[in-house]
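Both of the next two complexes hold subunit A, though its partner changes from subunit B to subunit C.
Then we have the complex of A and B:
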């Protein structure tokens, strides 16, 4: 039986979530009742709320507590992930505003929905029971479906929303089915109790069988959410069809939450079955890296190309979890954070080209960028080289750490395959650099982005270089989370 | 007396019907929503059966949450459906092919 103890002092450990929920409600009311002239402040209030939430989460780093009858956990992993989620979300919203303004999509519900999905991610990151993890996942996903559909006049966005909705619902269904099996055999929703059940030496063969049966469904559900091959079919369509600002949001922060879900369920909960799920991950990882690298070669739409690039990056992340050692998990977390930093800058570079009545989403839109705006061409160059894995950028070190761990655990063939496909994928990253620097067209490119967007994008680009100069510090930080 | 395994077999059959329906169905989007509901119903059956036979109430509480979330999910699905009908004048799956794949 569950034990329902409630202590008011526990609320302090959930302060970031509570504050964000409170702020969302207040900002929604604010937006409803103020005059048209004041509505632009909703955006600033959103950023302020996220900033304060990030500060509160940062203050809780180092605290360890399991509260609300064991359904909510606060540890260094959770707090650090929350800080990164909020930080990346703030950057993403700066880019978002320029895009929405350029295309007359600026409605304040957008920011409310974005905050709501961030709240869901924070709950997921701290979930310590199947119930909290599921609820966090759904808060996040439901807000994201609506976020895509905010561009309600675009047929492609509606189609993307529908596809994301159907595939997301299947993923939740599969995950839930797995959860019900795990609950049935272990008799508890609590991650700690599931863990102690799975590690007991008295497990019969039938119990192990049912546990594995549930485990497969959990892995499929997580793979759907991450977009790993063969559960990737929604990724390119949704990325291409969504408004670019939503694509950027989808491809960045929810990945942290999905990785947190993976860590909570499979490492904290079923860590003793690591050798079972590592085999599944190996297949997912190699297929993702291969398909992601090969199919991206033929794309002309840059959002679709970045979708396949995401798939191949996710493959690398999963490789880190295959290793089954703490250093490998740390390398995977480092890879996710590095990937999100690069992805934000890549989508930021696309968004910066957008202006009134002009939607930049083709690779050819980058033609001649180096002549008209050398600085933003340089940032895109850094991003593309980093994604291709060229030293000294962050993308190189994140790949290096993963491959080091993979080789150290004896999976040499996996590492060789990953490197070969990484080299193949360098082709399409370099293709964009070629388009920017060597393709001559008389087309005028106007970069009309506001100052805040330009400054943040520049900082984002520089971070890719700076973090790449001291990778070991970040790597140690990632490893220390486990 | 109905055994636990009977419930599990029932729920797995319902689950498979729902999953197959999503992949086989090529006509109507409302059918997709119904299949999603079937999957969730199968999960609910599982949770209640395990909860009853295991003597643990937590599973039944989980079901309340799943029901609520399913209602919210369908609300959003129908909203997207309405938008789709407005932009295309049809809710057939066949017309959802502007994006390749």
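Then we have the complex of A and C:
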């Protein structure tokens, strides 16, 4: 028998995950057995479960533990990421419900699958072994593929789901191939042991070769999940084809989990090879910012445009990891969280225009919004200005912190390139503002969203401004996670 | 040469030949049968490596369940082989190019000598009373209990997703509504229609 000891009291550190799994199973049964009239409560139970899970995760901030024989780690990074994942997911589900209702897609399995996906993200965030990280990734991805396909009467959604599924399977394969190489050479699945193997001074050149070989595949797998160029081909098609509610979900919360995967594998595990993967990230980052900014210029579908905008934002995030210092990593985490807040509000603003029988997904659908609904036009204005990087909004500070760190580490040319493309990308953000405020059309824009959606969207928009007013607090919080 | 080495070469030979036959066979049913032979040879190789449990599971699950499903699908789908092969020669140069790169990389990495027996150590032999299942179970339900449970969740998601995607509304299923049947009126059942007899000219 191996050295195995298990203390029941350890389970407290995995309480959020355990509670969420328990709640999912319970809600699944609830939904199966209650009458049709009570089925609408599934949504409220989902929100309640996520809220309690978030609270449990929040209570664990500050605790540090490695449990389940080293396959699960709890640290402040993990707990904080979990709180943000759950918080953003709650906002996303509020928007989701309105969209699903407007298009007769409301089925309770949607919420179950969304919760499953969130569970997968939480597992990834706390993964401390190649095995758990991979399983978390698959739990998350499998639920996401199914979520896209829930709109099964739309050919575009099925196409998007299949495309995402096939490419996601290939990416998982590549990631696993890299993991197998690293497992083969280091002899361990445990992140801490891989780290001590990689940092050993006795490492021969042949061993380094194999480590690097595995590393390249890990980077490809992560880049695919983040949607960085040249592994971005799936992003525009999947974003455009999916129902807008799923697109919103896809473009927001899983990015936190992907960043967590990156941190666990590359910083916690292979931090000693930082100079190798930083070079790869540099290429990914510059290409992502360039392609994302340039191709978005010609889009007329707003979901496709936001897909390219996501790609360019991911480029900025990767720049933060190129720096190789704690402040840079913190800036990257801050950027991801800021981007998700903006992205939620952007997709929320699209969804708020949806109503029975009307699918808003063109930029032209925003024409004359300022006349009919000045408040939501104002929120979209804030989001677009923030995404373009205009002060005093959060998007400006997130870009500023990244560029500060990049310049401080001596990558001045990288910073200049990033700024040039950021200026180019401002064009298409401003174009939406122009469409809302200066394009006149006769058509009536009805905003028929329910009150909860309107309130949450308003809070979301205001947060972009409020967080932008005290960025240093959030930046310090992000840096303190490392 | 030891007897086990001879067995190894025999099974490996079958393994390689049947996998090549599987890829090159023009008949899909034949390809599936060759795949079964491939699995069987692999299972035999595992037996030689003292992994009895894995060998038996491979045969039970893959040969017994998965391949039977495969054969069902092959028999039910009428795949047009000519369209499948139409692009074969067109993509051949690219395929060969990619294969050469992959093989070169594999050789480079595997030849680095890091996966030799000298590095990993020769696995010790166990006598016949050694239980493979116990060894796996000990690891699976202690050290790897968390990943094991996660795999179970993955299967649960697969079930939920599959049912969600396939299950249509209940209205498609046929069932009796007793009260409606009792309350039915004669006029609901029969409709009187006056149909004009066709004239002789039209009926021609």
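Quick note on the criterion: the second predicted complex is superposed on the first by the 478 of 482 C-alpha atoms of A that agree within 3 Å, B and C clash if a C-alpha of one lies under 4 Å from a C-alpha of the other, contacts with A are read in each partner's own complex, and residues count from 1 in each chain.
By our rule, a residue touches a chain if its C-beta (ideal position, glycine included) is under 8 Å from a C-beta of that chain, and two chains touch if they have at least 3 such contacts.
Small disclaimer: the values here were computed from a predicted structure and weren't measured.
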| item | value |
| --- | --- |
| Contacts of A:53 with subunit B and subunit C, given as first, second, both or neither | neither |
| Which of subunit B and subunit C A:68 touches, first, second, both or neither | second |
| Partner chain(s) touched by A:159 [first = subunit B, second = subunit C, both, neither] | first |
| Touched partner set for A:170, first subunit B, second subunit C, both or neither | first |
| Subunit B versus subunit C as contact partner of A:398, first or second or both or neither | neither |
| Subunit B versus subunit C as contact partner of A:195, first or second or both or neither | neither |
| Touching partner for A:146 - first (subunit B), second (subunit C), both, neither | both |
| Subunit B versus subunit C as contact partner of A:21, first or second or both or neither | second |
| Subunit B versus subunit C as contact partner of A:373, first or second or both or neither | neither |
| Footprint overlap on subunit A, where subunit B in one structure and subunit C in the other make contact | 1-2, 131, 135, 138, 142, 145-146, 149, 152, 181, 184, 187 |
| Contacting residues of subunit A [partner subunit B, same complex] | 1-2, 130-131, 134-135, 138, 142, 145-146, 149, 152-156, 158-163, 165-166, 169-170, 172-173, 176-177, 179-181, 183-184, 187-189, 233, 236-237, 240-241 |
| In the complex, subunit C residues that touch subunit A | 105, 108-109, 112-115, 120, 138-139, 142-147, 150-151, 153-154, 156-158, 160-161, 163-165 |
| Touching residues (chain side subunit B, partner subunit A) in the complex | 15, 18-19, 22, 29, 32, 36, 39-40, 42-43, 46-47, 49-50, 54, 56-59, 61-62, 65-66, 69, 72-73, 76-77, 79-81, 83-84, 86-88, 96, 98-101 |
| Subunit A - residues contacting subunit C, complex | 1-2, 4, 6, 21, 28, 68-69, 71-72, 107, 109, 112-113, 116, 119, 123, 129, 131-132, 135-136, 138-139, 142-143, 145-146, 149-150, 152, 181, 184-185, 187, 206-207, 209-210, 213 |
